[in-house]
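By letter and in written order, the chains are A, B, C and D; residue numbering begins at 1 in each of them.
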């Protein structure tokens, strides 16, 4: 991993990022919520549901990078405000994607964590801009990118003076068609030996199948991941994007009931 | 998964395969041993080590499909005899690869499980031949193959009258270069919903890195795999193939000490 | 390309293989015919059509490696005899696939060129067996294989004493779904700098789309390929396999009318 | 290709884009020049060389999206001015990459064609911005993207009112390691049947090997491409990026000597 300076494992102790009291990199963290912010009712209902199930942070997209220009592109500022309100009312820190360097500074006023999506992993202007804010950044792996390229993107953020980078494996593009992408869970121990930064797993976009989300979430805990980011919608069948892969509140609650005991058990296992 | 008849989930209850008293598909099964049979001393030492650590079966290759014709191709019959003796002395059933349809019937006299390697997954003549023996077959996924193609290969074996097929995910070929292949752990729950056949994980060939084998073995348990096949060599630095990725007996013993409690814990978790 | 001895470029002058008077590696060679031998009428009609259009050799499969065990597996010996008769009557040398090492010696009595399919590229027992016959071998690239692995498979054949290996690029497996596979045409100049063996292109299986076969055939000539292998069926809509991608005799005739002048033109271009 | 409206083949006649008198989509167009603008001397010498060899446009990067934040990032405005001067003095229209939506309007004052690089193909903010300028846009295919996703990115630009989109295939990421990426030349006829937009080929970044650039350029002509974009540096060994893959002026001149006659020949071939 030539060229890495600040991201490289040996350069410092494991990074722990404080997000409004949630210690990413120390505690196992679950981020949950809908793909996109759609309405006040949807956002509030989803937020309350994930809070009740024990989520640590709330996600929701106000700017959606969509394959087609004619697809729903998100509610923008209005969406951000709804998300922020849902975060305040439930006491959950909020995570939201930013896709344009011109939006970074004002989105950072609302967001507790700025998300960089898989299509923008190598949008270097955007990386530098979020690097300048100091806000924690959730950096998704490009669906086409090697671990080395990914860590270099983290380095772009770190080198602007922002040490708060959370990596997120979300599946890579392969020939397999049963799953939407192929979740590269071996990235977890690989990243742990290459860098001091925390890494979480996105079981939703990687598998793209409801039935595979719970087992891969459980496997992520066992592989040593620092957390999960999961799509949960209070009424998935009405979702404006990714409807087929959002967990219902009941499914999410069941999953959390399995994750927490496993986290405790794993903490007690010998290294 | 059109075309599947016998392998399809709905066609029968979960398959449990009795290999000399080991119930594959019911109990979590660990198969361990060296990549290739090299000598009596190596085979006996490795067999005793994996037995002592709690392995359920012994692996070892007598016929090695190697990229180059000038690489060590295995000891053949002599290797099989050494493997069989090591199995007898330790009481472990033996698993060995067969690569030529002409060898199947006599190799089946030695082997408790016949392994089909990743390069031969679609060697249909070989599949039909092992299908005719009735011996349990460990069918590795082609490094280039979809789940659908893989299950059709199982169907080739089943349709010859042999119901004893164990699937083995061993990594698929992607662009990532840090790992040898990309372990597709989501294949475990995917296969569980598509077929009644058991599935085990090969963390050695998929990751190709010693340090990633333990965490991915642990993750495989959590994902619901039915077992593992792991390379263990009593002196890895002297191995004639794959030297860099065989666990030492001490590393394997440590790993087993983590796997067994986790298996028990997972059994107690709600579905 | 470590390990290569006989296949490596520097080891000898460019290989020219004489197949019943057709000089593969010197003249541009077009092999055409149906995917599988289906009946006497089909085989004779297709053979006459490709002969009339100017093909140099006739292809046809008697043993078909099919994804599903329930798909048409070929006519076997009967198919071979029909193919041989069609070859005799048209004066075209015949190319046919062999998939089982036990069949090699008797299939070699019928075939002028033995084809190794993409799924069997690393079927080393089969490679050794065709290596022992001395018959020209058409070695297709594994859809998952690197150039280095492919050349090592050629080396398996060469090292058994058979110098008559024709390489065939037939597309590699990628994430793109518009085409069946991705034709790696850069393999042509790459192979030319790595080995002295001739290389031909299969535009049918690589693209899997009728409309792309003519332009990619033309491009193959320009890239410096030594020939083409193309599926032609006298009535594609009735074909038992790959019906959607076989050229009609009229389409093939049109294509030949473009290929031959281009070959002549390319010969006259400065290096 | 659902969702496409303006890019779809049937929606209008083939697009021809006038770039200062060069008719992209009608004439075969060669764009050449160094990877990045490095100095006045380098830019002028390279520009004169490609002009003398018959290039139609001049390329040069002032903003370089580099894997590492510590690699040379381009000369920015100063580079643009040097490029513009070289264009003026040679009479060649200039093509340059833009990577930040905030830069689009002022870069468009210098550039005759705005290039969107492979890492920014799905940088939708950037696409919308170049869509608003009306300037011709060279849209490179994402190294991980399907034809459908690529055309949707063209649709982003078209739907902002800019009809002047030139597509550029520059290789996709696969498992093959001999070449830097895998040039998907079948994209040429595929794109021709899917859209009315012109498509050119980048043989430099796709193959990443000097020796493969000439044969793949020739093959691109035969496949029906509308042009090429090739790296040429007056002293490649001194280049600040991609040194190993830039053609010398002499090599480029030789190549042009083969391309032009082939273009003429292809025009005369029956469809």
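Simple rule for what comes next: contacts are C-beta pairs under 8 Å (C-beta built on N, C-alpha and C of every residue); 3 or more make two chains touch, one makes a residue touch a chain.
This is a predicted model, so every value here is computed, not measured.
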Intersection of contact partners for chain C and chain D: A, B
Identity of the chain that, by mean CA position, is farthest from chain B: D
Chain B and chain C, separation of their C-alpha mean positions in angstrom: 34
Between chain D and chain B, distance of the C-alpha-averaged centres to the nearest whole Å: 48
Junction residues of chain C - those touching two or more other chains: 144, 148, 173-175
Of all residues in chain A, those that touch chain D in their complex: 3, 5, 65-71, 99-102, 119-120, 122-125, 142-144, 148-149, 152, 155-156, 159, 173
Of chain D, residues touching chain B in the complex: 173-175, 177
Residue ranges of chain B touching chain A (in the complex, touch as defined): 144, 146-148, 172, 174-179, 182-186, 188-190, 193, 206-207, 209, 211-212, 215-216, 218-224, 254, 257-258, 261-262, 265, 269-270
